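Two complexes are shown next, each including chain A; its partner changes from chain B in the first to chain C in the second.
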Partner chain A sequence: MADDVLFEFLHMEMVSHVYKEQASRDDIDKDRITCVSILEGMGFRVGQGLIERCTKDYPTFKDDLDVMKFLCKDFWTSIFRKQVDNLRTNHQGTYVLQDNKFALLTQVSSGKQHLEEAPKYLAYSCGLIRGALSNLGLESVVTAEVSLMPSCKFQVVIQKS
Partner chain B sequence: MEICKVFFHLSVSVILSPLQNYPLYIRSVPSQSELKFHYTVHTSLDVVEEKISTAGKAMAEQRELYLGLLYPTEDYKVYGYVTNSKVKFVIVVDSSNTSLRDNEIRSMFRKLHNSFTDVMCNPFYNPGDPIQSRAMFTMVSGLKSDKCGWLV
Partner chain C sequence: MTGSAKRINSELFTLTYGALVTQLCKDYENDEEVNKQLDKMGYNIGVRLIEDFLARSSVGRCHDFRETADVIAKVAFKMYLGITPSVTNWSPAGDEFSLILESNPLVDFVELPDNHSTLIYSNLLCGVLRGALEMVQMAVDVRFAQDTLRGDNVTEIRMKFIKRIEENLPAGDE
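Here is the complex of A and B:
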């Protein structure tokens, strides 16, 4: 019954817990940056394990674009029960994933209210994407932006080594 | 890539890491002549790399994770398998044990992959560390005893 939202509740509590912990310490200036990197780190490790499970029975990927498509369809569906709505690329290693109704933001607001709080709720998902890509052999930098909730865009830049 | 090597008396299994190709896990059934197996597996890595890179050019077909027989030497046969996360598995089997069919090797790799996925999802495991999971150890021992069962 409430199965669909279990993770969303957990995620909300996770975010507020991390911020509460940091607030109880002395160094206020570094708060925002540390919290975001803690959440991102959590997402990273989870992404690594998840992608291992998701790709277990999948044939090998042909190229980067194939990997990103898999991320947008199967991976996103298994976590957020829907696919990414739009994938754009410049074919030079930069990809933008747009989700018009991002599951972790739908309960926050559906407009411009609480816009400044939105990044907190996207850090974990950025880590998730980065962890998944890292285990597939692609080092990347993932950032997210929101202009109108609950729609958000994740920008993935693949690092060429 | 991390290589996890598991050596059995009849066969050796190896799991290799994605980036640096160091062994994540090595087991051999009778622990003698491990060094020789290490060497065999390292040389087989070249064949694995070659198979992965040539497969990349054949865009039309679906590629499987199972790589098949890498190369037979006079004593051993080496089989390879690579996951989507670029972790390589290698099994070295004694050539005298001819009763092992392709299907069995495939199922061994399946089990190895499943165990590896479980290890990966373990929150106490840091990716890149040597694998010390007891569940993996038990599974690998099971594989070995399966093969022993076929020995006539």
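Here is the complex of A and C:
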């Protein structure tokens, strides 16, 4: 079983690589969007894969909120070594997950330094969430925002089919 | 952690690594380039991972390459990948050895497609070892000699000691 820290190191290096790689190609304007979508896409497939292999271990969920709670507790703990600190919802399909000490931001900085860099380190995780939810039966749009590192908020909007 | 949480955790690194290799295969035209990128990324990880390793293990300075080999196999691999490769095939000069991995956690569920026969899937590991050892003043050459993904029975990493890197001590240090 791979040590947690390996994932964190690999993630940092992946982000660094994707951005370096794009910088060396043309079209500076598309850079940022492309990098985020590459990382998000990778996260999505991995999120799906993580859930795929464990479906028989899961209890059946009675509603969307149940799924989100699972995401905030078990899933978050297994990936980020702690639970989500705060889950809010408008009961109309939008959920906000707040993590006050997000594992993938703690090495970037604390406070407002390098704030503009933060989205790079959240894209993959947005994908993980979207992928996991997808295999749990919920299509969603996931975005993240940071105002003070290492705290961040993930917004999940469930898409009604 | 609950059972399902543990399972998710153990596959996170493996699946993430797989996604990375897939992405690199899209970014680069040929396997050779991908292998090089994996090695480079591994190196970047290794130079930082060594600090984590030294902080968490109580391993002191190794006196010779044999000690280094044992620490790599019995402490480092165990700590980070949960496996203990065996150390064998020492060269007569004692400057080269093999790590034999019965199982390779990176390759669970992986199959190499036909058009990637020269891809060294786990090449990140070589870079990690090289980078980590460089930070403790050892220049080494690391490569895969056998790979279960390419049909071999075991996975064998061959490590060769090149030279000691002199530390650059600031003037005044003892």
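Just so we're on the same page, the second predicted complex is superposed on the first by the 155 of 161 C-alpha atoms of A that agree within 3 Å, B and C clash if a C-alpha of one lies under 4 Å from a C-alpha of the other, contacts with A are read in each partner's own complex, and residues count from 1 in each chain.
Everything below uses one rule, namely that contacts are C-beta pairs under 8 Å (C-beta built on N, C-alpha and C of every residue); 3 or more make two chains touch, one makes a residue touch a chain.
Keep in mind that what you see is a predicted model, and the values were worked out from it rather than measured.
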{"item": "Partner chain in contact with A:62 - chain B first, chain C second, else both or neither", "value": "first"}
{"item": "When both partners are placed on the shared chain, which of chain B and chain C touches more of chain A", "value": "C"}
{"item": "Touched partner set for A:53, first chain B, second chain C, both or neither", "value": "both"}
{"item": "First, second, both or neither for A:4, with chain B first and chain C second", "value": "second"}
{"item": "Partner chain in contact with A:78 - chain B first, chain C second, else both or neither", "value": "second"}
{"item": "Residues of chain A contacting chain B in one complex and chain C in the other", "value": "45, 49-51, 53, 58"}
{"item": "Of all residues in chain B, those that touch chain A in their complex", "value": "18, 52, 55-56, 59, 62-65, 82-86, 113-114, 116-117, 120-121, 123, 127"}
{"item": "Residue ranges of chain A touching chain C (in the complex, touch as defined)", "value": "1-7, 9-11, 13-14, 16-18, 21, 38, 42-43, 45-46, 49-51, 53-54, 57-58, 74-75, 77-79"}
{"item": "Chain C to chain A touching residues, read off their complex", "value": "1-20, 22-23, 27, 37, 41, 44-45, 48-49, 52, 79-82, 105, 124"}
{"item": "Interfacial residue positions of chain A with respect to chain B in the complex", "value": "45, 48-53, 55-56, 58-63, 135-137"}
